[in-house]
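In the two assemblies presented below, chain A is common to both, partnered first by chain B and then by chain C.
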Partner chain A sequence: MPQIFRPSSNTIARVTIVAVILLLVSTLGLAYIMDRGPWITSVRFAPEQPVPFSHKHHVKDDGIDCRYCHTSVENSSFAGLPPTEICMTCHSQIWNNASVTQPIRDSWASGKSIEWVRVHKLPDFVYFNHSIHINKGIGCSACHGQVDEMPLMYKVNTLNMNWCLNCHRDPAKFIRPKSEVFNVDYVYPANQAELGAKLVKEYHVQSLTDCVTCHR
Partner chain B sequence: MATPENLKVSELPEIPDPGADEILGPGHNYATVTERIGGIVYTPWKRWPGKWWIGAIISFIFVNLLMTAMYVLFFRGIGTWGVNIPIGWGFAIINFVWWIGIGHAGTLISAILFLLRQDWRTSINRFSEAMTLFAVACAGMFPILHLGRPWLAYWLFPYPNSMWLWPQPRSPLEWDVFAVSTYGTVSLVFWYCGLIPDLASMRDMAPHPWQQRIYGILSLGWRGSAIHWHRYQKAYLLLAGLSTPLVLSVHTIVSFDFAISIIPGWHTTIFPPYFVAGAIYSGFAMVLTLIIPLRSWYNMRDLITLRHIDAAAKFMLGTGLIVAYGYSMEAFMSWYSGDPYEKFMYWNRITGPYGFTYVLLILCNIALPQSLWSRRVRHNIGLVWVLSLIVNVGMWLERFVIVVTSLHRDFLPSSWGIYIPTKWDWATYTGTLGFFMLLIFLFVRLLPSISIFEVREVVHHIAHPREVYTEKQL
Partner chain C sequence: MFRHRLIIPAIFLNALFTSACRIDMHVQPRYNPEAATAFFGDGRSARPTIDDTVARGQLHVDEARYTGKQNGKDIDFFPIQITRGDLERGQDRFKIYCSPCHGLLGDGRGMIVLRGLRQPPSYHDPRLVNAPVGHFFDVMTNGYGAMYSYASRIAVDDRWRIAAYIRALQLSQNAPPQLAQQIAPQNHNNAGAPAGGTQ
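Moving on to the complex of A and B:
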């Protein structure tokens, strides 16, 4: 009876075993990296906007407070996107002929809102309220990062559930005095553990990790 | 025309059954065993039994029914099933438990009876293990189908996810995931391990080079040297040892799905042993349901003899009695507990809207199988086959009674309900039956359905009765 396999078959068999293991590990690894990386989470990805609005310029250079535009952040679930009228409070006077602000004037003339591209998207099944966070000492920059360094808006955090839970399980790590909530340059002090625990107590912050806290 | 070469396998002159004392017919040597069992797989299509085609085509139709039912389920949702509060668990759990139970006989035969050196396991272990695998495949479908969002089934496994959520480790449903997946994996490895020397035999007797190559690859380079056999026997023994606790653990954990809860009729400590016994009971019933036609279609009455059928029937009788004890203890404890809900549950089980299922259950599982005490019944192949079907039905009814009657009368009369399975419930169930049978049909066509090398061992033992096989002789 002739041999049905060449001697190299042994090597092929061994290589196949190793290759299958490597393939499994690398597939899982690749899936993991893709799931956590910017390709899925859009972190540090700045989408194109109808107007190239620069937070860096308006916040850092001009020193405009967050609440000047995001008017409802302190008392509503939604921080609020500025209507064209708010833009026009300044831009009816300055840069009122610049081509870059033309869409604002078009919107003003037509009455049709500017269609900003949303950067911080939460799924519909997540209930999120800005005001409770703002009023309990969670600063804007704790989630949105240093927007005063962003020429175009991008996310610095994934907004994944584990990221939410990271703070919800232990708010003391991220809480700051209420007076510092709108300070985009706020740096957590060395004694954050101590201060955080004190503020959590003072502001009656609860560590809410029930499903129903966010999924109502 | 009517030479043996032209006749279909099922039309060959019938080889007689050697009777209830023999595990192998007369006149066999190593070569004839290999030729007979391996030869079935290499039978050309024109000699292949016509009944196989009828069976396989009907099974295939039911597989399509299963796919349709799944499509409807995924497209329209769980509402296509009859389940609703208070009966949130209907056919899905009933069929899951039923299929998992059927699988148990395979593991018992291949592992426990191997460790106990039961000679009658050799001709039926391969087939039972295949049956186990296919039954576990059917069982595994139901928990995923009933999730509502089956595409998220991977949430059942603890994996590093961006939600920081882990499966609930206190839930017996989560224990099920591990019990069943372990069971499936070990059964597959054990089955494949047992196949290796036979795949090599198939390779060596292959009529075509392509068949030789396929079986050659599958046999993983088996040459049958003494060192191969030595390592093989050790590995097989270890796997048998590994599988043995699974026979007990898997259905114990399945019973926890019920026993851990506080529903009257579920909250009982008798559940684990009585579930395990019931599982083996139904498993042996399914083995008998399948091997009796198998040995007749493929003219293998000298390989699967009355001895095997007799032993399996005795197993059925024994485990059936344990199940009967379980039923009587449930009845006794519901009275002895003094708990009005328990008492009501049992009374309602017999006289309530589902009372007829209980009566049928007692008839199928307890009353009729008692006829197996009689040797004449056990040796009447047709009767044993009918009884095995009855037990299969009975064990399915048992799960129906446990799941549905316990749920449909809650503690509060305001939350009472009735469960009527819909056509899609039935389509899914009968569809898995078709899937199971199709796999069995394909298995018989593609792989040696009786362990060749172990039957050769039997030939050796019969030829040399005084030489007791020990590990040291290797």
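Moving on to the complex of A and C:
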């Protein structure tokens, strides 16, 4: 009776073991990279909008404050997407013949909302409130980046949970004086560790990392 | 042998491709602010109030405070108390909502005017210096000329605080000499703080 396994079976067995391990590791690795990468998180991806609204132009060139359009950011969980009326405050007179602003005039005439594409989205199981962050010295640009450099809106942060916790564990690293909250070009000073600790105390900021802080 | 070789990767791949496919918790059966809906004809989940509805805290019976008028005439007094804090709040709101067109000095030469918006009158025109304070409240509330209403953007009492700050700006640009003399020496003694200015 001949042998069931020929000598080459040894090689096949070894190669198979190695291949299976490699496949496992690389699949897991690929899944991890995809999950954290821009393909899933949409970081630095600027979706097409009904009107190519430029924060760069309105914030940097014109010097308009965030709150001119996002009127509820200081009092509400939601920053407020400007109604067409706010666009028309200026654009009834400026660029009022341009084709790029046509959807604004159409919306104003018909009363139908402009359907902006949302860029910063959180899953529904996350409770987030803009006003508490704004009123405790977390600047707009701490999360949204330098929107005054964005011709079209995109995310600079993943908004993943580990990113939230990064600040919730140690707010002193990211807190700034309340007077600088709406300064999109704010640069953290060299003595941030010292200043941050002082502001955390002064503003009574707590490091909230309970699950129920965000998942309620 | 052949069967065993495939079974582990098969289980693994199966787990990988079937996990995280339920997003019930991600997308819950509720509307986020200003989300779109197919339920209403206009596509809005945020509904406008029905005519003649008075929401809590929106029963505006104090005519002077909510319209800036009494018996059809602009009032010339502040219906809320104006403290230094209110003036600072007014300055803050003025910088956000008014300065793009009216300029930080209130002279009507803001950035948006430089971009082509019709130039608003200067607050320092005699007509506006002499205008009753209710006039400014009325313009913010109902708009005026090319200016749209700011009623939906600036809360009622903040509009009075802005009106108070406009009065302060008018004073700063038309200060009588005695007042300037009163303030200037003090400021010079104050560790070199500049005299005048709008701060």
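The definition used in the following text is that the second predicted complex is superposed on the first by the 209 of 216 C-alpha atoms of A that agree within 3 Å, B and C clash if a C-alpha of one lies under 4 Å from a C-alpha of the other, contacts with A are read in each partner's own complex, and residues count from 1 in each chain.
Simple rule for what comes next: contacts are C-beta pairs under 8 Å (C-beta built on N, C-alpha and C of every residue); 3 or more make two chains touch, one makes a residue touch a chain.
Predicted model only: the values in this text are computed from it and were never measured.
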Partner chain(s) touched by A:201 [first = chain B, second = chain C, both, neither]: neither
Which partner reaches more residues of chain A (counting touched residues only), chain B or chain C: C
Partner chain(s) touched by A:44 [first = chain B, second = chain C, both, neither]: neither
Touching partner for A:10 - first (chain B), second (chain C), both, neither: first
Which superposed partner A:113 touches (first chain B, second chain C, both, neither): second
Contacts of A:165 with chain B and chain C, given as first, second, both or neither: first
Touching partner for A:86 - first (chain B), second (chain C), both, neither: second
Partner chain in contact with A:36 - chain B first, chain C second, else both or neither: first
Chain A partner contacts - residues on chain B that touch it in the complex: 160-165, 203-204, 209, 212-213, 216, 220-221
Chain B partner contacts - residues on chain A that touch it in the complex: 1, 4-5, 9-10, 13, 32, 35-36, 158, 160-162, 165-166
Touch list for chain C against partner chain A, complex: 5, 8-9, 12-13, 16, 25-28, 30, 32-34, 36, 42-44, 95-97, 100, 111-112, 115-118, 146-148, 152-153
Contacting residues of chain A [partner chain C, same complex]: 16, 20, 23-24, 27, 31, 62-65, 67-68, 71, 77-78, 81, 83, 85-86, 88-90, 92-94, 111-113, 115, 123-125
